[in-house]
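Which chain is which? They are A, B, C and D, in the order written, and residues in each are numbered from 1.
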Amino acid sequence: MRTNRLEAISDGVLAIIITIMVLELKVPTGHHLSDLIHTTGVGLLTYLLSFLYVGIYWNNHHHMFHLVRRVSGAALWANLALLFCLSLLPFTTAWLSESHYDRTPVIVYGLNLLAAAVAYLILQTTIIRQEGDESPLRQAVGSDVKAKVSNGLLLAGVLSAVAITPNGHVGVWIALACYIGVAIIWIIPDRRIDRLVHQHEA
Amino acid sequence: MRTNRLEAISDGVLAIIITIMVLELKVPTGHHLSDLIHTTGVGLLTYLLSFLYVGIYWNNHHHMFHLVRRVSGAALWANLALLFCLSLLPFTTAWLSESHYDRTPVIVYGLNLLAAAVAYLILQTTIIRQEGDESPLRQAVGSDVKAKVSNGLLLAGVLSAVAITPNGHVGVWIALACYIGVAIIWIIPDRRIDRLVHQHEA
Amino acid sequence: MRTNRLEAISDGVLAIIITIMVLELKVPTGHHLSDLIHTTGVGLLTYLLSFLYVGIYWNNHHHMFHLVRRVSGAALWANLALLFCLSLLPFTTAWLSESHYDRTPVIVYGLNLLAAAVAYLILQTTIIRQEGDESPLRQAVGSDVKAKVSNGLLLAGVLSAVAITPNGHVGVWIALACYIGVAIIWIIPDRRIDRLVHQHEA
Amino acid sequence: MRTNRLEAISDGVLAIIITIMVLELKVPTGHHLSDLIHTTGVGLLTYLLSFLYVGIYWNNHHHMFHLVRRVSGAALWANLALLFCLSLLPFTTAWLSESHYDRTPVIVYGLNLLAAAVAYLILQTTIIRQEGDESPLRQAVGSDVKAKVSNGLLLAGVLSAVAITPNGHVGVWIALACYIGVAIIWIIPDRRIDRLVHQHEA
């Protein structure tokens, strides 16, 4: 199967996820700046974080399928699993911001990010298995240090929010720092693939 | 008419259906795991089922149009009828989960799935009639045992929820088992078409 | 400008309009068939009508741009004007069904359909002016009897709802009959263009 | 990276932004024309303004990428930043119309438009830097008087709403006039690029 429709449905779902998260931002009832900050401040920051994550997945998805021409039925379902995980993000984002970063929503949000990361890994592995070890994607991914580090960070974040119970706030802030840190790591696009695409086309 | 825009509108509508179902998930009012399970548990499971069905239709649609180059006006409308049936899914899904699987919503949800199945069959028949008996799609579909079995199962599910009245719960659980069973049957992509595409291109 | 992105944004907006109208369907509070019919019956019928109209516009848009390769800046804005009119349809549909076909919402809905029809005509005229009298689209459109009849019917519907005041209900039902009649006229795809496309490619 | 998926995600997000703004239009509770005007009048006008802005950005985006074949990773993120700014428009639009053009929402709406304008400028600059001074886009943009004037107007609008405090209404109306004026300036598509595309292809 060619990848054009897989890319189309993925672009569609990601575009909608990004945009419907805005529907969760509550319009302030008052008309002053303090109302905006009070009602929407937390929601806006959380939206920015989730927007970055969806943007990162779109970016990496885009880079990955740049090196792939055909996909098997298994890859179609692995891709749908990734989209399913990401489609829950508007929900976990809404709970996170509505609770003003309470412990359980922070953990659930982190688990959502972890689930998406695992789904992405499965998708990547499925495609590489089908393309073979000589494929450009296989070489571009390499030892995939960046993914390992960021998944470790996400896991550490979730665990710290779960484990640090005496004073819940500390664990929560470590978790949030981990989530933000991972986003920062990935905003820089994957230069390994960029470079390979360059070589590949040269 | 070439199929590219038909595929574009279908991808668009399916992507949106998948994603707006998340908007029906209510954010828990409390901030504990029990609140999440209590408020959203049923909704999440139902969303997963509906997501699978939309994913299955997208997958089969994708496979079918891989073998078709041009469509008639009748096929455009048959496709819109399919999209109409699927577009009702967020609504019937919301009622199903809001009612915690009460009898009437379970029947209505099943009828919605059946209507989509019939619309898909009409679309497939319309295209095959236009392409002729020698067409690759005709040969790929074959005797279409899988569709017959799954449509029979859906019908059996709806009927059992309608008919088993002394103790309503039994009929409802049989119906839900049928709906889930059909989803499992179809998650495995249609290897007949996969194989044919392979031959066709070889 | 090539037409591919114009078609992409149009497909996107039309797909979303179709699907968000479902969000206006209220989930019944009870769990019986009577609750469904009472709460959602009118909404469902109105949604079907609006779905048909959006489907018709998509269909005709698809047929028209099949004969066009390039568009001017004016056509881009004429197309956006059409999308604006159609984007109001979820709103007028919601009011129509919420009011159970009261007089003013019926008139406003009709005006919305008329506005879309006029915008479509402007788009078509803009493109024909740019393509010239020898263009395939010009010949396909011909004297455009179908559009004239259906626009006349829409206008007649709106006027009857406005004018027949002694017993408001009569005017309203005439209007609804006109709106449904126009939909039926257009469900049959435009064979003139179908035929021409055929000739054009032969 | 080729630009097709960047255009796809942008078309998707812009199409959804345009359409979900309609969801913010409240359906009147009464069924008379006065109810419509009272409940939705302001919302409809504000929606029209925001629709125009999104249309303008789509139009200019379309024109710009007509002259670009490949984009770097930096341009992908600059484009996502633009989409982020525009995705906030449904929120600021809702606040603006809900407040019936109160001072703070007018300022926030203007800041949103300014942020989008700056993001667009950054995107354009990123692409030009990558394409070089001899690129068709560089020549098409020229000294970019139109962008400078309109950004100046937006800034003037925001500042007048901020500064003119003795009688708040005057500043607000100047601001709104500036926002509307900028929309009018841009509805006329960018003939510089139109012309260059023509030369480029001749």
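Remarks
By our rule, contacts are C-beta pairs under 8 Å (C-beta built on N, C-alpha and C of every residue); 3 or more make two chains touch, one makes a residue touch a chain.
All values reported here derive from a predicted model rather than from experimental measurement.
Shared numbers divided by all numbers used gives the overlap of an interface; between chain A and chain D this overlap falls below half, so the copies present different residues.
Overlaying chain B onto chain C using CA atoms gives a rotation of 90 degrees, to the nearest 5. Rounded to whole angstrom units, the spacing between the C-alpha centres of chain C and chain D is 27.
Distance from the chain B centre to the chain D centre is 38 Å, each centre being the mean of its Cα atoms.
Shared interface positions of chain A, i.e. residues touching 2 or more other chains, are given as 8, 12, 15-16, 20, 23. Taken together, the chain C residues at the contact with chain D in this complex read 1-2, 5-6, 8-9, 12-13, 15-17, 20, 23, 72-74, 76-77, 80, 83-84, 87-88, 90-91, 94-95, 98-99, 102-105, 108.
Taken together, the chain B residues at the contact with chain A in this complex read 7-8, 11-12, 14-16, 18-20, 22-23, 25, 27-28, 31-33, 35-36, 40, 48, 51, 55, 58-59, 62-63, 66, 187-191, 194, 197.
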